[in-house]
Amino acid sequence: MAEGPTPMERFIQGILPENPVYRQLLGLCPTLAVTNGMQAALTMAGAVMFVLFCANVIISLIRNLLQPHLRIVIFTLTIATFVTIADRFLAAYLYQMSKALGPYIPLIIVNCIIIGRCEICASRQSVFTAGADAIGQSLGFGLALGSIAAVREIMGTGMLFGFRVLPTAWPDWGIMVLPPGAFLTFGLLLGIVNWISIRKSMKS
Amino acid sequence: MGAENSEKSAGSSRLKQNYLVQAWLVLLLAVCFGSALAAVQMTLGPTIEANKLNETLEKVPELVYGQETAAQLQNTQQITIAPRQIEVKTPVKTTYYSVYDTAKEGKRSGWVVKAKGQGYADKIELLVGLDAGAEKITGLFILDQKETPGLGNKIIETKWRGQFIGKSTLQPLRVTKSGAKAPEEIDSVSGATISSDSVCSIVNITLGDLKDKLK
Amino acid sequence: MNYLIDIVLIAMGAALINNFVLYYFVGICPFIGVSRRVEMAVGMGFAVTFVISIAALLSWAITTFVLMPGAWISTTVGGFFMAPEAAAKIDLTILCYIVYIFAIASSVQFVEMYVRKFYPPLYKSFGVFLPLITTNCAILFACLTIMSNVVGVDNPADAWDLGRSMTLAVFGGIGFTIAIVIMAGIREELMLCDIPKPFQGAAITLIVAGILAMSFMGFTGVDKGLRKAITSVAAPQVASADLPKPSETWNK
């Protein structure tokens, strides 16, 4: 008897149906903070993918040794270690990006997505499933960050990835790259996603 | 009674055993992760330190010699840069400045000073290039700023910063909105008077503090 | 006097100008999740402020006395194994994230025990929030800001002491409380409004937070003006070139 969803199911679920940002509303701090440019958003998504994958795999390997009341300590220790490694790696090889992302990379430690996945999936299922779950959820996270960053960067600076996509006549909406723009963009996109899912559930 | 007592002691020793057994995993993981992090620190530490230094060092030739000359000199590697700390005591507070003494073939060609101050939105960090006698500004570079995008942000543009090149350090600089005419005037960024003024006042305070010490 | 000016400006900055929630985006999860009623919001705000203060104290102490290169404990212990000059260079800051998160978890445990023992009715009303505070970004963010001002400065004399660090922590928590209580007040009113179904819940909260963030943007530049005003009163011999002419400041 299979224990829980298969790897493929975990992978697909993480991208849209159980999207960590739009459906589960987890990990909102980096979602709002680093999405003022596509490069920063995708770097953050990459860092989260690294940490989530490594943490899930390690926790899954030792899942039979976990004691109920010490498991949070072990999760936290594992996640903090991999976040430190990711942070040092970025500081060494992508120094400007590391400065731009600033304190938000260490804040991955308290990102609810990672502790949540460790608790729900990695501590109960095999390594392969845990790995697939990690990649699915991080792709979903990247998709969410990318969508918000695209809107903010195009409307705020007329550029995407540093390339001009809107004509120079566009008056750059500076507010979009400032904090209020983050809240407003995310709120509106969340409303749109909710509307789409309500219509889908009405049709079926 | 005796049976109860022995049961209790067996139970408590099992409890103690349990705690030890549980803690071993945490300790083992702590040791493994600790060594992994030590390895990461040893391999990546020097690269990160170099990144931090180079951020400033690679701007120094351009600020002292100007862009074209600096590019030529880089290839022949005749420049030496010596970082120093200068302490300035005023009645209000003590400030420490990072100063880069730049020399070509042993003769001093100029200075670069790292200065920090409050801008409109947050702190502004900049590098000022000076000639050997600290009498003229030879360059300005904004290292770090968080001014309003599209408005105060424009202080990083080469054209606006270029106004500072050639200015004398004998008089404090002033920002004007109506087109700079006098030698100590700087044109403000349109719509960002406070950001422009902050840069000027950081430069003025720095030069006021250090002019006599840079000999 | 200069120290006092610094403290006042750090406090204002952390609470209003660079508000933890509305400018730095930390502490968003409780901001959206717990801001439905004003009493719950006030309780959450005070709990976070309490935990942030203790966590900041612990992390400043550990950073200054154990983790920094040249810290007292690492130099002393290292002195048993190697030469004193080499021991002074031991840099344990790679462990800082792990140490901070465990300091925060311990602070939360401590606060929970303290509240449960001495204020049982208080514990009954908001004791359920306390374990959630461990994953509150705001606390780790305060510890990280303090670390970057202690370890990340060019010159050791510029490093923050305990007073500045605690000011940042306490007033950051107060700023969080201000933001969450305002949001709770607005949401209580929103419950009587006719919100379209897709926007009910988190989406409308975020849009309202965006407008709230816009209003807090009005505080930008206040600390710069305040610093100039206080310094010119305290030390009138500041060079006149530093003070902008009135027409230039007000015309932004």
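We call the chains A, B and C, going by the order they appear; numbering starts again at 1 in every chain.
The criterion applied here is as follows: contacts are C-beta pairs under 8 Å (C-beta built on N, C-alpha and C of every residue); 3 or more make two chains touch, one makes a residue touch a chain.
Everything quoted here is computed from the prediction, not taken from an experiment.
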item: Chain contact topology (line, ring, star, complete or other); value: complete
item: Chain located farthest away, centre of subunit B as origin (C-alpha); value: A
item: Top chain pair, ranked by how many C-beta pairs fall in contact; value: A-C
item: Most centrally placed chain - per-chain CA mean versus overall CA mean; value: C
item: Gap in Å, rounded to a whole number, between the CA centres of subunit B and subunit A; value: 30
item: For subunit A paired with subunit C, centre-to-centre distance based on mean C-alpha positions, whole Å; value: 24
item: Shared-contact residues (touching 2 or more other chains) in subunit A; value: 73, 77, 81, 84, 88, 178
item: Of all residues in subunit C, the ones touching two or more other chains; value: 94-95, 98
item: Where subunit B touches two or more other chains at once, by residue number; value: 33, 37, 40-41
item: Complex interface listing, subunit C residues touching subunit B; value: 2, 18, 91, 94-95, 98, 154-155, 157-158, 220-221, 223-224, 227, 231, 235, 239, 241-242, 244, 248-249, 251-252
item: Contacting residues of subunit A [partner subunit B, same complex]; value: 62, 65-67, 70, 73-74, 77-78, 81, 84-85, 88-89, 91-93, 95, 156-157, 172, 174, 177-178
item: In the complex, subunit B residues that touch subunit C; value: 33-34, 37-38, 40-41, 45, 85, 91-94, 96, 98, 114, 118-122, 172-175, 177, 188, 191-194, 197-198, 201, 204-205, 208
item: In the complex, subunit B residues that touch subunit A; value: 22-23, 25-26, 29-30, 33, 36-37, 40-41, 44, 47-48, 51-52, 55, 148-151
item: Subunit A - residues contacting subunit C, complex; value: 25-26, 28-29, 32-33, 73, 76-77, 80-81, 83-84, 87-88, 103, 106-107, 109-110, 112, 115, 175, 178-184, 186-188, 190-192, 194-195, 198
